[in-house]
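One chain, chain A, links the two complexes that follow: it is found with chain B in the first and with chain C in the second.
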Partner chain A sequence: MAHEIKIPEDVDLPASSLWSKLWIIGAGVGALGLVGTFATYSSNQKHIYHSYLFAFMTMLSIALGCLAFVIIQHVVRAGWSAVIRRIAENAMMTLPVFVLLFIPVYVGVHDLYHWSHAESLDDILKAKAPYLNMEFWRIRAVVYFVIWGVLAVFFYRKSTAQDDNQKDPSLTRSMWKASGVAVLLFGLSQTFASFDWLMSEQPHWYSTMFGVYYFAGSMLGAYAFMTLVAKGLQKGGLLKTAITTEHYHDLGKFLFGHTVFWAYIGFSQFFLIWYANIPEETEFFIHRLHHGWETVSYALPLVHFFIPFFFLLSRHVKRHPTGILVGAFYVMAMHILDVWWLVMPNAGGHMGEKIWIDACALLGVGGAFLAVFGFVMNRHKLIAIGDPRLEESLAHENY
Partner chain B sequence: MAKPPRTWGLLAQYESAADIYKACEKVRDAGYSKWDAHTPFPVHGLDKAMGDKPSPLPWMVLGGGLTGGTFAMSFMIWVNAFDYPLNIGGKPLASVPAFIPVTFELTVLFSVFACFFGLWFLCRLPQLFHPAFANKAFARVTDDKFFIIIEAADSKFDKSNTRTLLEQTGATLIEEVED
Partner chain C sequence: MATDMTAQSYGDVNLEDPVSGRELLIRGNHDFHYVTEAVCSVAEMKLLDTPKPWVFGWMLAVSVLAFLGSLILYLIWEGVGIWGNNNPVGWGWPIVNFVFWVGIGHAGTLISAILYLFRQKWRTSINRYAEAMTIFAVICALVFPGIHVGRIWLAYWLLPLPNQMDMWVNFRSPLLWDVFAVGTYFTVSLLFWFTGLVPDFATLRDRAQHKVAQVLYGIVAMGWRGSQRHWNHYEKAYQIMACFSAPLVLSVHTVVSFDFAVSQLPGWHTTIFPPYFVAGAIFSGFAMVQTLVIPARAWLGLKHIVTIKHIENMNKIILLTGSLVGYAYTMEFFMAWYSGNEYEGFTFINRMFGPYWWAYWIMMSCNVFSPQFYWFKKLRTNITFSFILSIFVNIGMWFERFVITVTSLANDFLISSWDYFVPTWVDISMFIGSFGLFFTLFLLFVRFFPVIAIAEAKSVMPEADPHYHPPHDDHPAPAAAASA
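Right, the complex of A and B next:
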């Protein structure tokens, strides 16, 4: 209580730090990954587009989760998160670049979404054509990217403007004001984007919960990513005093909470479909109970819920320096597995077939994501040094 | 004839949260174990200043949750698959997915019971009388004063030494609490 609050000084990324070279490393890995992904294009075209979509949706989920985190911090006027918010802000600034990363999905649309073949649709897909047609699909994609781009740039600009313009509360107030509308825009765009890009891979199937399911995963990915970056920065000798056990404890609570949230949504989606047992609804799970995918389907509740649930349950694990690191790594891996399970069965092959292409795609898009993230991180302070609630965040304690 | 009153403990009054926080650290460092702090509102970090051990309550809640979940699941499997088998919608008799909602609810319910009554147990509730209630000054604990009471049952308790310690902690009033 009443300790002297020291404003941290190690908030600039020194040129000697490995983190300042992240953008080069990311770009290199990304380029190699993408070359590897598309190397066998002539023989594996369909699989390659699915691998790419898997990688794209995985990294997009992390960027979107970080955007949601930033918006939520402003909606609830959170003070505790001021020292870690910048990590999420840097990650959400990758969203404008996802327009470029979207190009392969756009090009591969006929391999990914069979509703896009307007000339050969059955009656059900004809009835869905007013929504699922190429023109509207393109327009919606533009709308999503505009919304995400505008939101990301807006919150980033205001926050970084505070860095030099010490503690200007009017900037914080304008972010608070915008955050309410931002939640609405984000929720709708995120939901419909997941419908368009993931759910419509099986266009006969529908689940109104699908958007929330993808959101739950996004948040897991985002919290795991923020924890890992925070740990990594501290390992690199930065933000030594800024981020404390208390912040990791809270990130751990979010990891734990969203693990439960994911399971709740995932089970609710499965439960209604399983109980009603209507053919057009069961398609999604039937598909994932064959060709080896049943292994992943049965494993997910265990590895994506029970194991992280009991691991992250204890306060001592969340506050333990290694405990939270292991937890974040594990949750991130499970989130990737989850998106893989959502996308790859639609490629038509056996589970794990040509998995090296999937891995290359993840390195490719992941590398590109980290390159942009590293580039953005280089440009400003590592924490929101001008946030009026910085002291509150530095002194944050869980009781 | 009423028994002559015995000393139950020593009560010290403080004027602010900061004062009692520092006082608690001193009493903690002096090695007392049977004592408590009483404040009009929660003082953040006081548990650390008092040197309180982590509460066993989380373990009780975990036990309650596991009990509730196991009970719900096994009870439904027993009823539906063994005691009174009934084919519902062509599903297997022991359909685990159908049992999950109730299992979840009972896990939560038992956790909450364990938490609620566990807290009663740890706080020794219900307790209708406490010797400190007889002390006039102590009434202001619900208003604007902060108190430490060291019980006479503490092995380190010694009327004059304990009083000296409390005096050193900046107490504005020290009185004996009688039983």
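Right, the complex of A and C next:
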């Protein structure tokens, strides 16, 4: 253990850094992406909304995963993560802006959700109407955004207030205090949001596990995102001493652990439905075993579980500067593939059809996400410099 | 002795979580030797000096165990008709008891493996108890499917043994997966527990005053001499075993949940079952650890090693897992309606307001409502309250398995086959009997085993830091501090 813990000084984003311009770059990419997405609106309306939903749910999962990460750090009184928590805090501050990003989903509701056509529903969907109806769906969306916005702003404000107000323990204590209830609010809102926006795309289908499945993926996305940003900041000459191999090692462990968790949840969901073979449940998988989607369905266990599992299993890889970078990139790509597989089969086309629209949408929403992320990052220190556990985190060592 | 008393009561003092730095896990200003003394003194007590309450408790447990034994003989003689299982409810109390005990057997390996991998140092004070409890609970669990097979003398057919009839077990049956899952879990947990015990057995061997004790502890210590090389191997072995045990914590109850969930029965078949069962198992396991550890720490004088902080941490896990179980109930309930499937919907309404409404509401109040008290630090750190609540959770988790098993079977698709399940006196007595088995083993453990992982507990004391300086320079720290 180091005897002298040096408080890092490269924690302000200099105006010369490319990172400080991320918001402009993100906004530019986002604008271009969105233009590209909606360019062929008249001929590809249904596909476009699905592409957009895919991009929206992907980026939302990362923002939500980061919010969950921050909450969990407080609820378990974590020390190791103090130097990387700010990255997640900045990312979760994109959540309020998702209200704006939600507009196309809101507008495209009739193309996305069959149940929204109240006039032409079968008996089962009529029975579900007390939940799946436009008014209640809107109200719920408002509730989710309010919960996420309030939680994000609360934890962000407290944490940044600590930057100037060095190590004020009362701020940490108030975050601890709120974190328990935050877990509860987060868990429920995240679950029902995934029901509303993803599961109800196939309105007859249902799975009690679905909320957990989306959560598992969102944590993967969040850990991969944090790792990539941390690496990127260090490449840009920042936080040189603050984030060490030890932190990457731990991020790698979480990437590994959540890869296993995702596989566990995904397998359980698939396996129970396959084994019982009840028609109203198998619908989800049958849909994904046709029109080319079978390639993705069969590949997912391999590319989303076995490959990252064996890759990230190695301690050497998790501590290797390039190894962890490759791992995080790969996991992020697989997470995007997973959400794509959740959403796009519902668009009705063949796998990979008009994939350029999906790519544009991802650039569009992703760019907007990064723009907000970059904007928020410019406003405060790059790490939670005033966290009372900062020294513990700086001296963190895996043993 | 006076300092001991202060140290003892100090273990109950509720301290505020420090914002920076970490609270001392072993309270009082003790050196390594003190921990050895405190833990070993129980096991080293002369046989004739064994406290009367222990003797009484153990004899009671053995009598209950003997009762279980005679009931099993009765069962073998008469057949499973002496149970309350009836035509729709083919799985009654035996399965409920099996799942109940297997669930309890989850906290041990969670604490020893998963909390180890998460570097949760507070685990060192409670892992030994929890692991022991795991082993004994799994033994209790294994009794029930073992005697449920009907022709018990053919119970070995559960295993895929080559035979001249070319008759194989049904690999597609989750009940067979159970045999593998629980068998693996038991074996690995036992080895894990034993590995941790070896250095402590060696301590007891080296301190033994009696030849018999020395030889017996010597055998189980397997030649441990505490050399640097031994410790090196030990640490590696422990970590690797932790990595192998961690997925087992999840797999066992996942497979147990498959017993139900691969079926097409409403209330059994739902995709959230695997993680929901795992959360429930951890919930009940921690409750049982509380039930055992709270009296034990007082009677064995270990309050400064198992402090209020440990109890509070476990209570937090109980709150978390209890709420996760509540989340799962909510999802099941919501989906039963959302599915639009009338059988699903009926099953859940029937659970709440049907003939077993009382079981459902016992389950809800004990598992979901009662842990909510732990939102308040005052209650989380109240020892009496924690003890009482842990018993409520145990009750609730037994009822959860009862609700799942019985309500879905008793009122299935065909109304003409419905029947109300009533347990017989044999059902009830066998369940009580399993506690006899459990406590017989547990009390033996408490009396003759090192109940705290001595070596591990020392490793979380400040003295274990090579840079540690004792507060008074005229009393240098023991030389051992540097090597630990």
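Going forward, the second predicted complex is superposed on the first by the 398 of 399 C-alpha atoms of A that agree within 3 Å, B and C clash if a C-alpha of one lies under 4 Å from a C-alpha of the other, contacts with A are read in each partner's own complex, and residues count from 1 in each chain.
The working rule: a residue touches a chain if its C-beta (ideal position, glycine included) is under 8 Å from a C-beta of that chain, and two chains touch if they have at least 3 such contacts.
Please read these numbers as outputs of a predicted model, since none were measured by experiment.
> Fit or clash for chain B plus chain C once both are placed on chain A?
Clash.
> If we overlay the two complexes on their shared chain A, which of chain B and chain C does A:Tyr275 touch? Say first, second, both or neither.
Touch status of A:Tyr275: both partners.
> Applying the touch criterion given at the start, work out whether A:Ile124 contacts chain B, chain C, both or neither, answering first, second, both or neither.
Second partner only, chain C.
> A:His350 contacts which: chain B (first), chain C (second), both, neither?
Neither: A:His350 stays clear of chain B and chain C.
> Identify the partner contact of A:Lys240: answer first if only chain B is touched, second if only chain C is, both if each is, neither if none is.
In the superposition, A:Lys240 touches no partner, neither chain B nor chain C.
> For A:Arg138, select first, second, both or neither according to whether it touches chain B, chain C, the two together, or no partner.
Neither partner.
> Taking the superposition on A as described, I'd like to know which of chain B and chain C A:Arg379 touches: first, second, both or neither.
neither
> Can A:His110 be said to touch chain B (first), chain C (second), both, or neither?
neither
> Count the residues of chain A touched by chain B and by chain C, then name the partner with the higher count.
Ranking chain B and chain C by residues of chain A touched puts C first.
> Do any residues of chain A touch both chain B and chain C, and if so, which are they?
1, 271, 275, 399
> Contact residues on chain C for chain A in the complex?
It comes out as residues 17, 19-22, 119, 247, 250, 254, 258, 261-264, 269-275, 319-320, 323, 327-328, 331-332, 335, 337-341, 375, 465, 467.
> Please output the residues of chain B touching chain A within their complex, sorted ascending.
Residues of chain B touching chain A: 18, 21, 44-45, 47, 49, 58, 62, 89, 97-98, 100-101.
> Write out the stretch or stretches of chain A touching chain B in their complex.
On the chain A side, the touching residues are 1-2, 267, 270-271, 274-275, 277, 313-315, 397, 399.
> What does chain A use to touch chain C in their complex?
1, 3, 77, 79, 124-125, 127-128, 131, 167, 169, 172-173, 176, 180, 183-184, 187-188, 191, 204, 206-212, 260, 264-265, 268-269, 271-273, 275-276, 278, 280, 388-389, 391-392, 399
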